[in-house]
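Quick notes on the structure that follows.
We call the chains A, B, C and D, going by the order they appear; numbering starts again at 1 in every chain.
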Amino acid sequence: MGFTKKEYEFLGEIGVGPDNLGGYVDGKWKATGPVVSSVNPSNNQEIARVTEASIQDYEEGMKACNEAAKKWMSIPAPKRGEIVRQIGDALRAKLEFLGRLVSLEMGKILPEGIGEVQEIIDMCDYAVGLSRQLSGSIIPSERPDHMMFEVWNPLGIVGVITAFNFPCAVLGWNACIALVSGNCVVWKGAPTTPLITIAVGSIVQKTVNERFGKCLLELSGNNAIIVMDDADIDLAARSILFAAVGTAGQRCTTCRRLYLHESIYQKVLDQLIGVYKQVKVGDPLEKGTLVGPVHTRASRDNFEKGISSIKSQASILSLGGKILVGGSVIESDGNFVQPTIVEISPDASIVKEELFGPVLYVMKVKTLDEAIEMNNSVPQGLSSSIFTRKPEIIFKWIGPHGSDCGIVNVNIPTNGAEIGGAFGGEKATGGGREAGSDSWKQYMRRSTCTINYGSELPLAQGINFG
Amino acid sequence: MGFTKKEYEFLGEIGVGPDNLGGYVDGKWKATGPVVSSVNPSNNQEIARVTEASIQDYEEGMKACNEAAKKWMSIPAPKRGEIVRQIGDALRAKLEFLGRLVSLEMGKILPEGIGEVQEIIDMCDYAVGLSRQLSGSIIPSERPDHMMFEVWNPLGIVGVITAFNFPCAVLGWNACIALVSGNCVVWKGAPTTPLITIAVGSIVQKTVNERFGKCLLELSGNNAIIVMDDADIDLAARSILFAAVGTAGQRCTTCRRLYLHESIYQKVLDQLIGVYKQVKVGDPLEKGTLVGPVHTRASRDNFEKGISSIKSQASILSLGGKILVGGSVIESDGNFVQPTIVEISPDASIVKEELFGPVLYVMKVKTLDEAIEMNNSVPQGLSSSIFTRKPEIIFKWIGPHGSDCGIVNVNIPTNGAEIGGAFGGEKATGGGREAGSDSWKQYMRRSTCTINYGSELPLAQGINFG
Amino acid sequence: MGFTKKEYEFLGEIGVGPDNLGGYVDGKWKATGPVVSSVNPSNNQEIARVTEASIQDYEEGMKACNEAAKKWMSIPAPKRGEIVRQIGDALRAKLEFLGRLVSLEMGKILPEGIGEVQEIIDMCDYAVGLSRQLSGSIIPSERPDHMMFEVWNPLGIVGVITAFNFPCAVLGWNACIALVSGNCVVWKGAPTTPLITIAVGSIVQKTVNERFGKCLLELSGNNAIIVMDDADIDLAARSILFAAVGTAGQRCTTCRRLYLHESIYQKVLDQLIGVYKQVKVGDPLEKGTLVGPVHTRASRDNFEKGISSIKSQASILSLGGKILVGGSVIESDGNFVQPTIVEISPDASIVKEELFGPVLYVMKVKTLDEAIEMNNSVPQGLSSSIFTRKPEIIFKWIGPHGSDCGIVNVNIPTNGAEIGGAFGGEKATGGGREAGSDSWKQYMRRSTCTINYGSELPLAQGINFG
Amino acid sequence: MGFTKKEYEFLGEIGVGPDNLGGYVDGKWKATGPVVSSVNPSNNQEIARVTEASIQDYEEGMKACNEAAKKWMSIPAPKRGEIVRQIGDALRAKLEFLGRLVSLEMGKILPEGIGEVQEIIDMCDYAVGLSRQLSGSIIPSERPDHMMFEVWNPLGIVGVITAFNFPCAVLGWNACIALVSGNCVVWKGAPTTPLITIAVGSIVQKTVNERFGKCLLELSGNNAIIVMDDADIDLAARSILFAAVGTAGQRCTTCRRLYLHESIYQKVLDQLIGVYKQVKVGDPLEKGTLVGPVHTRASRDNFEKGISSIKSQASILSLGGKILVGGSVIESDGNFVQPTIVEISPDASIVKEELFGPVLYVMKVKTLDEAIEMNNSVPQGLSSSIFTRKPEIIFKWIGPHGSDCGIVNVNIPTNGAEIGGAFGGEKATGGGREAGSDSWKQYMRRSTCTINYGSELPLAQGINFG
């Protein structure tokens, strides 16, 4: 029996049917848990059905995974890299279809859906090279006839839990590196994007559930952009638009706070309001759409509640909370909301809370120091960006007295990271790092090994014992 | 008014008197809390008195520290290194006196006391070089006219809490690197070694209390040595002695479990028992002493309780628990106990509990795989050592199927690490790393900085937005 | 008009015909120089004809290359990596055919021919990862408001001249890394292997001639294997066979000197002679052949001359020079010679000269020190290997008093390097390094950049001027 | 018998007398060669006499050095670091006296003399840390049961030849790192600064002559400063002054070419001329002196010849060559010359020749591209600097289309490098790197070691042989 809509038939190309098994256990698709629906956020209608893995499936899968882990870590890293290369090639062959499914099920626009799948492919290519570079060190020993090594060994099993907003790129960041590092990977996708979990899993991965010892957290961000008086205003406005409304404001790197220097405050604001009014909200698969639906009906309701809370604060306090553009849900079968700008005082406490949708708080600042203090004043520390053309501002911003975030940008949006750098944030954001740089060390354990190959027993620090 | 004993007068050379202030607050010694005694574990008599810092002193100190941190992080790292160099020189000038005090107050033998102070000095020298090498990276960006930097900035304030067994080396590991990294350091010494805290603080450090955000843990170890059938038995026996009875068994890297291959089991055991019988237990400042007192009366009592629990298990279960040598406290004013060897079955659960004194469990193994499995079977993962002359065993031991500890030695004891490598362990031991290698990264925060210096706005993964 | 033999028709699949243009100039195949023949070393008959590039073609090509270099270095490194990835995929699609051509034209056996092409493919994959890791450093400056960077920039144009024995792998080592590093590559293949130059060039590279400023040399080796008394004899014998007769002894890493510990001298020698007698010499494309022809008639003549020089020395001096096995050319249309073992005294000067064919000198040693001294006694310093099972020998061998070569192996042959490490040698071998590790730095230039973004002018070393 | 002048008596403090032995051979001062005078460039009178080492002394020294090298490389690197630390402390104790002697004998002003000695001390401190960080790598092997190491071993003996302009700092750069790397160092100082060679050698080093295999060259520079239209003019003018007249224009990093953007050409020039007129030329030991004598009478004569050549060109060609300030020697017993500015056309060929004194060529440029092209148009590639406040200029300047020098500065002079970065240049400057970063690798040789610890013989690239 086929899909309810002809436009879903492309899913057959990537191994998804109207009814699917949601667990991949010991080399076979298997699932004996409850059945859930995958729903299209543009119309809230069912796309397909998925039978979830049960606890028993999970236990069975973990057992198989344990056995596999022992073998996988014995395979030389460059050989593991070759397998990850083949995974990348398999995904490359289905890039368009997979990107389309991300769009369809998550609600982000097609270029973003495809870009997300491209990110796993990039990670695969990157991990192949890395598989010959997971290098330990040989450190000079203070003792004669001794060698000191720093050796990196795999952890064993790495569990990855991904959220709905990046249903597959985050898997790619973690799985590609975890695999070349010698680990088996257990993936649990978001409950609201089961199909992309299956479609990626059809070529790639064992999918069961979660359990791991070392913990790498990537939690929420409440990210700010600062625009200084010397900034390129056009560049800033385009960046803010992408940062604030891209993915309907549902990225962990979405810009939620905008600090404008008082001298260019009105100019930037006018330009932004003009652009916001022209943003096309609608079907994410349609050409020209910039903002698709928020992911679920519940997300739409949260947006509505958030806006009414802003409005009520505005009337009570003299802290602003004035909606300049947007501020409403769009009546339809789907979960569409208006991209929104709110003018508010930096003292308003609501600014420190995260509203997971396309809502941007705009505030006025007088100095760089004030702007940096504001940027750092929230509990999270993921991403941040400044627009300026002055080297002294750039280097202060990235230095000890600058942004306290893990991602510190200049003249680009808060979102849209490259895989070559380490992705992650400080403070309440969790401290973990994924993707490039030395993030692979998070998927391995380190041993400091000292080997005495002589016949004497000299002690460190010159101690004489016995 | 002077010290009660003439032999304590040397303490005047390092700024310690009969009565001392235990807090260093905003550039001055200050303490308004309760008075505690520093007690000599060899006779349980008072050495001197210390007034502890009160909560109010602490708050005052932290406030001053916050102000200092802002300035300290603005000083270029190599200039901070120069100050750490001077700290090292100041300690070097008083090496003998400080080492003597460590011995006197903690109870470890003099060569170990001096070795411990030497370790801070080594760390200072090491940190000076490091101050020009706290290097970030410039990573190739996939976008034209973009630079991607990985920048390391100081955390601000680093708190160090040290335990009684290494009253000053652990400070050295942390403080030297934290300082060159641009942090202010707040040190809380162990309540039972207040004098060494003061004596080191007299030249070195602000001493208040603890508070920090990022957490680097170095918890307990339950460390094993394996001796294979091809080992150099003499080397092994001397190493086991140092690892098991050094510092009266009170190091976190003390060897508590000994796995002997069945073919050399009796030979090694006989040799060890012979050596144990000759070990001189006594005043740690006296020449020839190998084992001083355990640190407090409570430690002595714990030893006694542990031994009687071993004995009772031995009579009930058929798992061994037979005391081959030692097994008693030594009646005296001090806290002396006998170095002890217990023969026991690897299945005895008591082996997985830590008895913080000179007690060594000896067990028989048949194969390398069995020995590695035993080594890895405890919750802790700090240090481990194997004695062998076969390359295939050495490389298995340090590889993915080998020891799961942070310190993995070959033909040397479990204790006595050099500062050039990273010190720390996995699993329940906490995962932190101190001293050499890239441990300095634990005292800094990392930012991935992307700077657009062009006039275009290309997006990562080739995404086209708007 | 077709090939003279049906068995050459596969060459059409990789862009080679009976007549070929030997220069690739500004995006087009072009050559106006003399015509040369590609000759099959198994029968000295023509495979196909190649028109070589003239000086004028070269000048034209270099001009175009100069223009291209300016653009290529502006493309972000990860984008350059993507192009190298596509090159690798194109080669992968023709692996079998290209490997067959290497075998046919160079004379090495088919598994080696395919292995050589595989090596470029591996290098491509490796270089893709590297394209996001060509990282510079941010070094702490001793001056406030200063940043110190170490930046790596491309050289511009890199010329690669390859020898006949590795007609394409050496290109791969250099070109893949040179390309991702931002350079244009100019390749001059060996005059006796023009077809593989064209076949690889058909998909890959601009091919003109040579000219470059920075020089990376990989010159000859005169490589030794040492077998100690505790060695695994079977492993050693198999390794020596591959090292001495593989590629008919025409690798730069071929083993030419064998030092056997006196206690196992006769045993190893007997085993080797037995194996040498069974080695199949013949058509390199035929299954079971281990030794193909030497590359040219001139090589065969050189072999003959070398052997007669050895024989004449043997009769005059009492230094040995006794041929134990082999020692003759094989009469046929091709360039076949017998794998040869010569027993000789370590004092014979002929041992320090390189005979580029399958001739192995065997010598007796008494101690490790003597063996190492012998190993290091030649002007070259490329590769070396020891067979032993003792850690103290292994670590001495790789340490300051051990082998002085760039490649220092244990229990494997002198040849057959992996791409992940740096390939190259010391002393007369030239000092260059190719392939893995930080070899990419040889294709780039380094700038130490200090940026003052403050308004003061502090000087280094605290100098006060004016 | 004492010094001829009372003001030289301080030399006794650093081991220099009126008559000195100029060779340090096998642990003793020894010299049997000709006697040379050390001459004060401020008055051309003798300071003291030095007997030089003869060829025989040299041979004797080299023999002893060879023996020492074998022992020194066996000492663990951190222990070697401790000895270098003590060298640094010994120099620190005599900093003022040694700096005074540098000034007296070489002619540079006292702050520069002291700064130079400080630089060796800094290098010592740096090298101490480095002695625990001369790290090799453990690279993942593609073969099971194989380890791939990259090991760094000492070269043996390193020879250092220093020029008169930095009689001791250059020794420091090389010797400190060469020593911790495990090499013995042979130093040949400049013939015109024999005393500082002895004074530093009195505490530090074996001094004989030169001979080495690997060659690290630091040749001449012809360095330019560019001032763009947006530059901080005051900062630029002060920097140019230090860069052009510091050390009387006798640094390898001295600025000899100045490219001023046309829009600020006259303004900068006027300011410079004003400052040049106030520069105090005179006794380098006197407070307030900015420019001491050039080093020898021959240097003074060269200056005179250079100026007259400029003048003759000016009258013949229409390429400028107009002397704006200075241009004469100063009549006195010493070697004093006037700091000189010459206005000239960028097309004048004389600009590409190096005049080793305080002569600055000033030229006008219209664009950044033109300025960079000019900067890169000379054969040398040592140092270069730009003054600007625009990020797009800064990043272009340090990127692939920017300066081709080894030192690329922004808003600081061409001279005055910190030790933490690598010092050296490209093109005719030689390509060597000294001091920080990974310069230590130039003093060591690298081995790629592959260890097979299994019983199988898998080959790289999956080749199957025999």
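Keep in mind that, in the parts below, contacts are C-beta pairs under 8 Å (C-beta built on N, C-alpha and C of every residue); 3 or more make two chains touch, one makes a residue touch a chain.
Heads up on the chains, UniProt names are A, B, C, D = Aldehyde dehydrogenase family 7 member A1.
All figures in this text were calculated on a predicted structure; none of them were measured in a lab.
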B-C against C-D, pair bridged by the larger set of C-beta contacts: C-D
Between subunit A and its twin subunit D, rotation from the CA superposition, multiple of 5 degrees: 180
Approximate Å spacing (C-alpha centroids) for the pair subunit B, subunit C: 49
Whole-Å separation of chain centres (CA-atom averages), subunit C against subunit D: 38
Junction residues of subunit D, two or more chains touched: 74, 78, 131-133, 137, 139-143, 146, 149-151, 391, 394, 418-420, 436, 451, 453
Touch list for subunit A against partner subunit C, complex: 78, 81-82, 85, 125-133, 145, 147, 391-392, 394-395, 418-420, 436, 451, 453-454
In the complex with subunit B, residue positions of subunit A that touch it: 70, 73-74, 111-112, 115-116, 118-119, 122, 137, 139-143, 146, 148-151, 153-154, 182, 213-214, 232, 235, 238-239, 241-242, 246, 290, 394, 398-412, 416-423, 426-427, 431, 433, 436-437, 445-453, 455, 457, 459-466
In the complex with subunit D, residue positions of subunit A that touch it: 74-79, 131-144, 146, 149-151, 389-391, 394
